[in-house]
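Below: one structure, written as structure tokens.
Chain lettering (A, B, C and D) follows the sequence in which the chains are written, and residue indices restart at 1 in each chain.
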Amino acid sequence: MFDILSFLISWLPLFGIYAILSLCLNMEVGYAGMANFGLVAFYGIGAFVAGYTSITIFLTIYGYNYPIYSPEAIIAMGRVAGKTPWLNISVFILSLILAFLIAGLAGYLVSYPTLRVGPAFLGITILSFGEMLRVFMKHFAPTGGAYGMLGIPHPFAWIPDSAIKNTSFLILTLAILIGVLIYFELLANSPYGRVLKSIREDETASLCIGKPVPQIKARLLFVASGISGVAGALYAFYLGAVTPDMFITAVTFEVWSMVILGGRGNNFGALLGASVFSLLNRVTSILNFLFSDLPIDPNYFRWMITGALIVIILMYKPKGIIAEKPIKTEAWKIFGAYGETRRKLIAAILRIINYLKRAIYWLIGRETGYGPDIKGSKRE
Amino acid sequence: MTTELINTVWYACIYGLMAVPLTLSYRTSKVLNFAHGVYVTIGAYIPVLIAKGFGIKISPILAVSASFATGAIIAMASHTFVFSPLIKKKSTPVTLMIASMGLWIFIKYAFYAVLGTLQKAWMTPIFYTSPNLEIPRLISFMGMDIDAKLILIISLTAATFSLLAFFLTKTKVGMAIRAIADNPELAQITGISRDKTLLVTWAISGGVAAIGGFAWSLFAYVSPETGDNVILQVFACSVIGGLISLPITFVGSVIISSTENLLIVFLNRYLGVELSFRPFLSFFVLLLTILIRPPAGAGGGLPYRYRLRSIFRVFQREVKKNV
Amino acid sequence: MSAQMPRLLAFLVIGLVIGAGVAYAYTSSVMSTTYADLNTKISQLQSQINKLNQTVEYSIGVTLPLTGALTDVGVQWRTVVEMAFEDLNKEMQKYRMRVKFTPIIQDDKTTDTQALANVQTFHQAGIKVIIGPAASFQVKAIKSYVDDNKIVVLSPSSTAPTLAIPDDYIYRTVGSDAGQAKALAALVKSQGINKVIVFHRDDEYGVAFEDFFEREFSALGGASIGMKYDVTREDFASEVAQLSARARQEDVEGIVIITFDTDGVNILSHARKDSYLASLKWFSSEGIHGAMGLLGEDIATFIQKTNLLGTRPLFRENPLLHAFASQYKDKTGIDPPVFSANLYDAVMLAGWAVVRAGVYDGEAIRSALDEVAKNYYGVSGLTMFDENGDKLFQDYSVWTVKLVSGEYRYVDVGSYSGGVITLEE
Amino acid sequence: MDPILRVQNVSKKFGGVEALKDVSLEVKRGSVTGLIGPNGSGKSTLFNVITGFYKPDFGSVYFEGKRIDGLNPDEVYNMGIARTFQTPRLFGPLTTLENMMLSPKGQKGESLLKAPLRKTWLNEEIQLANEVKNLLKEFDMDGLYKMFASDLSGGHVKMVETSKGILGRAKLILLDEPTAGVHYAVGKNLFEYINYLRKTYNLTFFIIEHRIDLLFDYVDYVYVLHMGRLLSEGTPEEVASDPKVIEAYIGGA
């Protein structure tokens, strides 16, 4: 019936890519308070860089001289993509590195407007940058212009079995995701994370305690945009295709919703948000299978549910599903509060066990002998 | 060249009608409202639906009032059910913004559902259409034939803005709105009910945006995506106005509209820039505006002196450290 | 006594819950030990009877642009899909096949990510044949996934020439734009026009079409100038103004528009106000065909004045097509939109290919599909595929908007076949 | 004693308004110097000029003999000048501990490259945390370490803000109305605390204050600004008896 394995193989790569994006956005928005509404720009840059580099290298090495978007080139790519494993892997790694560097550089340069305007304006500024980039890519002939690119060589194209091929890619994506998560967790739970949070709260005050705010912001944008670029490169390799129409503003909004729902200033919140959102898409699609002939299209309901969910979660959990926590550095140890969460957790579990015990005792009518219960009040 | 000028006027009016209420709502409630595009879409659709539903030609006055009322009701509902509770819970502006995004998605697809049902019931396509208006096509004026819709839109814009100006400067409620916008704490001390004032503000901004939608439907066809497709330009206009000043927002609409209709023509004619760079240009103008002369409300950033020099400084530092 | 009540109630509730759970488990498990023997016998008999009588149900995935940029046609295509499945099932009954097809229609928001998500959902549900998605960039986004997982995709409207790739799982029940560009060039030339501006969308469809058109048109001895406009906009007033200026400057004789429906209607609605543009001859591709906006008084008069002629992929001398069109009109009150014939045939081909394959498996269906398509004659004529999986025989008809018995309607006034345009006057 | 801070002929204009006009003053090392004046007399502007928020139109500022006007706020802080604001500007959703840990300058763990490598900054962090602990203990505030700064009482906020300067190894601390919005008794406490800090940590304080009665009990030297000009200077007693000051205060208020 329900094939959990193939579900995971199809769901996890997209989840992984979106999770990387939302982790990056969480670093920018949740920690440093930079309202980056142009995330899709860096994502797109990464995808285009990866597509262009890999296809060009392959075509050059195999001596084809077709334009990058022509059907001949695509067919040729299909023919040569699986021939040399080492080339596939090395081109993949090279593309990721280039995507990181170029997207990061773009982010670094875009940080200039962040110095000049407040948060609300910053969002619109980067957003317009994203739109400008999309229009520009449509006219940029080397990457295929409006045609985009097709036939980007999959890093594991040389594996004949598609299930193994996709699983390897999935494992790779998740490995990168975990790497990014660990990196960001280490970043966040360090004095650096503390500085970022102070910038988010009040950048002027942060400046007044000697933190070079513009520099910190620019560097963070470099890293976060670069990693978004890596996510874009992964997306390009996963689909095997890149077109400018894929990188519209709606993608940014989706990632934003993930971060806000999951919980700002919390990497695991961003992860949770990404998984909830991408799962929601799958789960609500069951509506289509159940009600195929209603007067109102179930598809509309699906999207309505998404919208309503965002509003409801914000109403009842304004800080997101997992709220922000104080960062964990060794400083807490000095005050003897290091393992506090663990202690609280154990206490909570003990309390729940206690309640259960009392409920069972009450049901079977046995005297518990302690605590304020119904028997206790009767006795008096 | 006349066509281009007329187009500029059209666009300035339409963008103005859409952007000014956006600025008003942001200034008063501090919600960067992404659902604004939905008010526009619905405002554009209401005359269409009335005309189709009753099979009549709708008079412009009825159309405008129906648009205004619907937009106002939806905006008030969004305030009552979403923004007001969130503001009471002291949510951050970012939370409010995302909430407006959720609301946008919800209303948009709810509206899609309504349209889908209506299309089936009426057996006529309404996903891309225009209202059936009861106005003459051309008006003769001093020997020239002028598009009646152009006259209508100009007078509509003028009337809306003068009413708005009168309302905000002369009436008690309007002054309360401005007081809330400029200093919420102080206004509350003086006994102005914040929630009620905000409700009125939302009604006005939703209503005027809906009129903007109607203005759009005079000019071009409407689809459920109309509002979303113009919203980025509308935001650009508001940002030029600093999200604070209503008159400068209108100036912003004029700037964006002339960029899109005059500048691109100029560039196309003399520099051979492709026409399809049109959206690129409007955002480019926006970026230039922000970089050269940050709008009045763009505060919240670092001290100004710092900003001017810092980019060079940052570069210097990086180079020194890494090379 | 009363102190015991809540406890009793609690017991009752828990008992009910447990009871319900047990009952559920009982009914869902196939055999119960007590009635094992009897049940086995009965069920064996029944399954044998069932096998003879049972209709096999196949789900076919359909991903349509119900929201987003292509919503206008997407919503109309939904009706076409429903009709096609109804007819398909009727046909199955007629031939006494115990097979039933149900469409699972999913909205892809005209985005690539959602199209991919839909395809993946279909794959999870064990669906091996998918109709859609509409736009070429969406097809590109799902290509790698469906090739890997051996899912047959039939796109009714993706015409991008870059997708003409052999040996993949993407089939297109419509000819590539290269063919239509040729037809359109012949049409323009046949009207005695030698210099045109091609005003086209700045996306894959428009750019590729313009490219082919220019090639074909210059081969015929004409000259064409390309002008593109951005497609994310809602309104193209300034572009049209610029088009008019350019037309004057270059002194062209005609305008060719390569548009979709929404942008095309908008462009015409602005062009009609321009007297110079109204004095030129206008031509169009299939993209705008079926848009209701063209039937309005204003634009229709403009079309009359400029004698707008367009091409569209259609095999006209086809009785099935007329039956389909009138059936569609009865159902919705309007003429079928562009690509409906191709969409309808895509559904039919998918259904028959599944039946012919006998198993619901991508590879088998793909090889069956080629066979079925060779022998099938549908609403869009011969459905045979070429080696790239695109429609091999695509005839084109010439359409315009005319006043027919008091109301404006789309009419086909000619056809293109084998390089020759035949216009009926 | 040599002056730790020297402001020379500083002028600053905003639009047409002259916020500061030819102001020169000196703050002596180890002193508590006061700056008073009616509202809008340019006190906060002077502070902003010193800390690098504004570049003066004319004139210069020297700190320990080095010219600092034209430096950025973060660079000024790194020279050893800490400041507070009129409204307290602690980082609300951060805990007291985190707020205090932010002050020390040049922490290794604050660099993007070193932050993920725990070992590079661990010792420093522990050392700083110990310092914070001792400091908080010294003033009986060590229970507050895990409270969010937004939940602290007004008096505690002021104490924390002032002691942040010590962690930042500041030599000069500029306080902008430290007792605004707190009770008289708390204010007095705060000044005691300031006095204590000055002695223990050898700090210099430069204080804007409206509560002259409180201020005059603790300061060594007072400057009076009026309409952007230096009106008067001297010991508290001298200033209190200066007729120009009395006139300005009565006329201004």
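Quick note on the criterion: a contact is a pair of C-beta atoms (placed from the backbone, for glycine too) under 8 Å apart; a residue touches a chain by one contact, two chains touch by 3 or more.
Worth saying up front: this structure is predicted, and the values here are computed from it rather than measured.
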* If you walk from chain to touching chain, how few steps can bring you from chain C to chain D? -> 2
* Structure fact -> A count of C-beta pairs in contact puts on top the pair A-B
* Asked: Which chain's mean C-alpha position is the greatest distance from chain D's?
  -> C
* Where the CA atoms of chain A average out and where those of chain B average out, how many Å apart are those spots? -> 31
* Distance from the mean Cα position of chain D to that of chain A, given in whole angstrom -> 42
* Which chain D residues sit where two or more other chains touch them? -> 72-73
* Structure fact -> Listed in rising order, chain A residues that touch 2 or more other chains are 135, 138-139, 204, 207, 212-213, 297, 300, 303
* **Per-residue multi-chain contacts in chain C, two or more chains** => 66-67, 202, 230, 232
* Complex interface listing, chain C residues touching chain A -> 3, 7, 10-11, 59, 66-67, 78, 102-107, 109, 111-114, 116-118, 120-121, 123-125, 135, 137, 140-145, 147-150, 160-166, 202-204, 206-208, 230, 232
* Asked: Across the complex, what residues on chain A touch chain D?
  -> 183, 186-187, 190-195, 197-198, 201-202, 204-213, 216, 219-220, 223, 324, 326-327, 329-335, 337
* Across the complex, what residues on chain C touch chain B? -> 66-69, 71-72, 75-76, 202, 227-235, 237-242, 244-245, 261-262, 265-266, 269, 273-274, 291-293, 296, 332-334
* **Touch list for chain B against partner chain A, complex** => 26, 32, 34, 82, 85-86, 89, 91-95, 98-99, 101-110, 112-113, 116-117, 120, 232, 235-236, 239, 243, 274, 276-277, 279-280, 283-284, 286-287, 290-291, 294-295, 298-303, 306-307, 310-311, 313-314, 317-318
* To do: Please give the residue numbers of chain A that touch chain B in the complex, ascending.
  => 29, 35, 112-121, 123-125, 127-129, 131-132, 135-136, 138-139, 203-204, 207, 212-215, 218, 249, 253, 256-257, 260, 264, 295-297, 300-301, 303-304, 306-311, 314-315, 318
